[in-house]
Amino acid sequence: MRATFSIGSDLHIGGDHFVVMAGPCAVESRELLFAAADAVAKSGATMLRGGAFKPRTSPMSFQGLGAEGLQLLAEASHRTGLPVVTEVMDPRDVGLVAESAGMLQVGSRNMQNFPLLREVGRQPKPVLLKRGAAATIDELLHAADYILNEGNSNVVLCERGVRGFDPSTRYVLDLAAIPVLRERTQLPIIVDPSHGTGDARYVPSMAAAAMVAGADGLLIEVHAQPELAKCDGQQALTPAIFANLMAKLRALAPLCDKNLCDRSLLRGAPDGVAGRKGDANRSNSVEDEVIAP
Amino acid sequence: MRATFSIGSDLHIGGDHFVVMAGPCAVESRELLFAAADAVAKSGATMLRGGAFKPRTSPMSFQGLGAEGLQLLAEASHRTGLPVVTEVMDPRDVGLVAESAGMLQVGSRNMQNFPLLREVGRQPKPVLLKRGAAATIDELLHAADYILNEGNSNVVLCERGVRGFDPSTRYVLDLAAIPVLRERTQLPIIVDPSHGTGDARYVPSMAAAAMVAGADGLLIEVHAQPELAKCDGQQALTPAIFANLMAKLRALAPLCDKNLCDRSLLRGAPDGVAGRKGDANRSNSVEDEVIAP
Amino acid sequence: MRATFSIGSDLHIGGDHFVVMAGPCAVESRELLFAAADAVAKSGATMLRGGAFKPRTSPMSFQGLGAEGLQLLAEASHRTGLPVVTEVMDPRDVGLVAESAGMLQVGSRNMQNFPLLREVGRQPKPVLLKRGAAATIDELLHAADYILNEGNSNVVLCERGVRGFDPSTRYVLDLAAIPVLRERTQLPIIVDPSHGTGDARYVPSMAAAAMVAGADGLLIEVHAQPELAKCDGQQALTPAIFANLMAKLRALAPLCDKNLCDRSLLRGAPDGVAGRKGDANRSNSVEDEVIAP
Amino acid sequence: MRATFSIGSDLHIGGDHFVVMAGPCAVESRELLFAAADAVAKSGATMLRGGAFKPRTSPMSFQGLGAEGLQLLAEASHRTGLPVVTEVMDPRDVGLVAESAGMLQVGSRNMQNFPLLREVGRQPKPVLLKRGAAATIDELLHAADYILNEGNSNVVLCERGVRGFDPSTRYVLDLAAIPVLRERTQLPIIVDPSHGTGDARYVPSMAAAAMVAGADGLLIEVHAQPELAKCDGQQALTPAIFANLMAKLRALAPLCDKNLCDRSLLRGAPDGVAGRKGDANRSNSVEDEVIAP
């Protein structure tokens, strides 16, 4: 039996649920964030992704809007009804981020940032833990143990590509990690084909392949105008291509014994302005947890 | 438009066709070969794979049955109606192997064995070219150029995993190579999840993922009794698991705009003993070739 | 002109100076630490290494003695006259570690822990920045920029091996990173052959090779009784082998235009009990800095 | 005791001998070859390298002069007294190449070209076997076994870089392979820093590091006019830089217990026109072989 848990009353992760977390790489402005959020909500995404604190290779690159970005994400979540997943990089920011987000992301560069892992393990929101670019699968599981050991059992693992030698793609998306992880853990497993390939042309096929390979969800970058993105624009899908991908995933889901919950139907809000508010980022309910802390 | 070509009158590769090449890693004995061949034919494989000349890391390992293995493959092909794909390692053996096989395989270790590439380019049978474990996609395409330049335009490219750092799998199966190759070449692309993962537990999910990612076919190891295999037994599917996989592929094919030809239906020979004989390994017809020499 | 800076009055890093930082992987007990510290001081090491906060793959492994370990390191430094380099993992610990250490180490897992990089950039002690196992050289230099940008120009870069596919060694020690870095930066470059190979048998040859390749120093694990080490014992040199290595390095240094300062001679304290005290971990002097903040 | 063997009466490989094989990547013309040959002989190289049959990634690239190139190499060998090492790619060419060369090279792309390995194992000239770019050290040793098993015990192993993720260098030169190989085999080990780094700026430091790490020799590309080279010009040393490197190696050799034989002194032919002729490429003598066939 695979682990499952919930965010709010109607978002389930794991088991036969398939979650699609979509949105821009970084929160850049209210207009761009809302445009992306509305679009992904309309197409049936189950969570909104977006970075307020951005880990960037160079200190000269755009570092994210910080607390202001968190506030915008909260507004976008309220607007669309989609819970937010967003990255936290600093153990001192965990409380702040946990207030706004439905799920905390630990990025690939921080997979072995043990003080951060412990800190996210001490708060109740679910944690998305991304595999490091040079991390073995066992190292990923040991990193998850740091969170689990603090009492937070709601950890989602994310394959996002490992370092390879071929510049054809940014990383090598290791889809075999999905069945390997399914042998070794009950934790839900999602895939990030956006970072894994670094190229929007390759994202839809890898997203569909991940579902068929047994993933429990996807993390996908969508930008209203990718050519204007301050970060990673070349890997962001346009809203139209994302909508096509969602249709494809919906068609494949029954063959994969997966249920692709369409939150826009739940809320009767196909225009992205949801009726359900406030509890979108509510702490996870405990009733359907199956992972012991 | 993707390139297509045929082997015999009814086996098409490329376009909307999906080819499944299945069989044992190595030809070990008539009994084991026929058992595997009958099983994969019954489940709907389109070609029979099997090694007569085996490239083995150590000279102490089983090196294949050589010419005797080719003869057994010809018998198995005759018996099942499935054309054979088998590896050739030595440019001096190309003529011999081309007599028995419907398609010649150049293995991953020989992707840049240029005399061999030229030699298989000078004979008319289609060639399956496997990506080297440290080869970039551009290097694979350049290797294919060595064959194409000699006048043989019927080249199928095969992704079979690249070297990685995680011992969880034998290689890292680079499924993103599929959409990358589709951007760069018209040649058909197949995937070998058996070598790509090295573990039978991971083969079905990676095989299905490859189809969904846009592959034109699969190369899969099936052994009647994997625990007895002289080579790579841990990555061979049993006939029962292979049959399940074929059912899954048949269900997925329509969603991928692929046509999974069931040769057993064509021949009314679900028990693996085909009615069509003799021309199973016939040289490819030219009428539907679209690749210019 | 290469950058140089000092720790205390007589320890110089960069330029024609060659620094050897040696000691145990982790501080385990007063006895073992002092035994190692005395041994490396006697053989001519220029700094004492030792971990109080240990980043370990699994939370079940020994995590270091923490603040108690820092105290023991300070005692060992006082005893031997060797300044201490020790790792800091948590931005909240930077002040604490900076009080005890002559140099702060940012480990390979934290190379892109940007809050930590900023924090060590805001305090005056020199920083040893280790290359991540999947980091390109340019990514290492960008990570150093995070420290430099905060005003701390005393950064030492450390090559310690990148992920590779061959289990013969723990990592692939990329010695070509030395000449590559010399083309791209003035910052001093040291090499950690202990982590880079993971095997004490290979450390001496790689240490000598690093010096000849142009490194400004070494980081080497030495343990009084490697078979008892709680962490990484298989890669620790015994005091006797370390002494032989130091003799080899002394012989090679003149051919590499390097000056291998023997601190034991400076202090007339070949038994490891130094006369100079108190200022061993003094903040770096500024008079010979050549790196602009 | 390390294995040693001889080429002609005065060139020894292995043991305390250090061999430097230098020359152009490819034989391009009589003038350029002789200029390079004279230069490397004058600086004290012990063998002349140069490719007549060139394995090139693309069939459109210069493929070498073939038999004509072998003839030019024989002339250059006669002229300088330096035995020639040159690559053979096709098992059908082994006899031809063995006539002209003092040592046959099996290139990295052919490390697991087993028919070729067997063929070079059946002739008496020594064989230089280069490690494949994705080959583990054990795979290299197994490949050597294919040669040894045919009765040719004079195999020299060559580390030339493995695939890595950092475009800063063409490959990752794995110098730790030297001590690892010394643990596992008696066969002599040489290093090719030219292909290993792909950049002439990094070759001298890596060459010196290889000697200090325990290598038995080097394979170095030297071109009279690198900017005109038809292949790999960016990694070729100029004659002047090669001369400086030889001086450095001579200085380091005594510290490495190595004897860097200067063949130009032996022959009183500092201008590169040797007195000794005819036997430069003579088959290896057997009296000092210590490797059992």
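Each chain carries a letter (A, B, C and D) given by its place in the written order, and its residues are counted from 1.
Everything that follows uses one rule, which is that a contact is a pair of C-beta atoms (placed from the backbone, for glycine too) under 8 Å apart; a residue touches a chain by one contact, two chains touch by 3 or more.
Given the structure is predicted, the values throughout are model-derived calculations rather than measurements.
Counting every residue number used by either copy at the chain A-chain C contact, over half are found in both chains.
With centres defined by CA atoms alone, the chain at the far end from chain D is A. Per-chain Cα centroids separate chain A from chain B by 37 Å. Mean C-alpha positions place chain B and chain C at a centre distance of 52 Å.
Chain A has residues 134, 162-165, 167 in contact with two or more other chains.
Because contacts link each chain to all the remaining chains, their graph is best described as complete.
On the side of chain D, the complex with chain B involves touching residues 55-60, 89-92, 109-110, 112-116, 132-134, 139, 142-143, 145-146, 149, 162-163. Contact residues of chain D toward chain C in the complex are 134, 136-138, 162, 164-169, 172-180, 183, 196-197, 201-202, 205-206, 208-214, 248, 251-252, 255. For chain D in complex with chain A, the residues that touch the partner chain are 163-165, 167.
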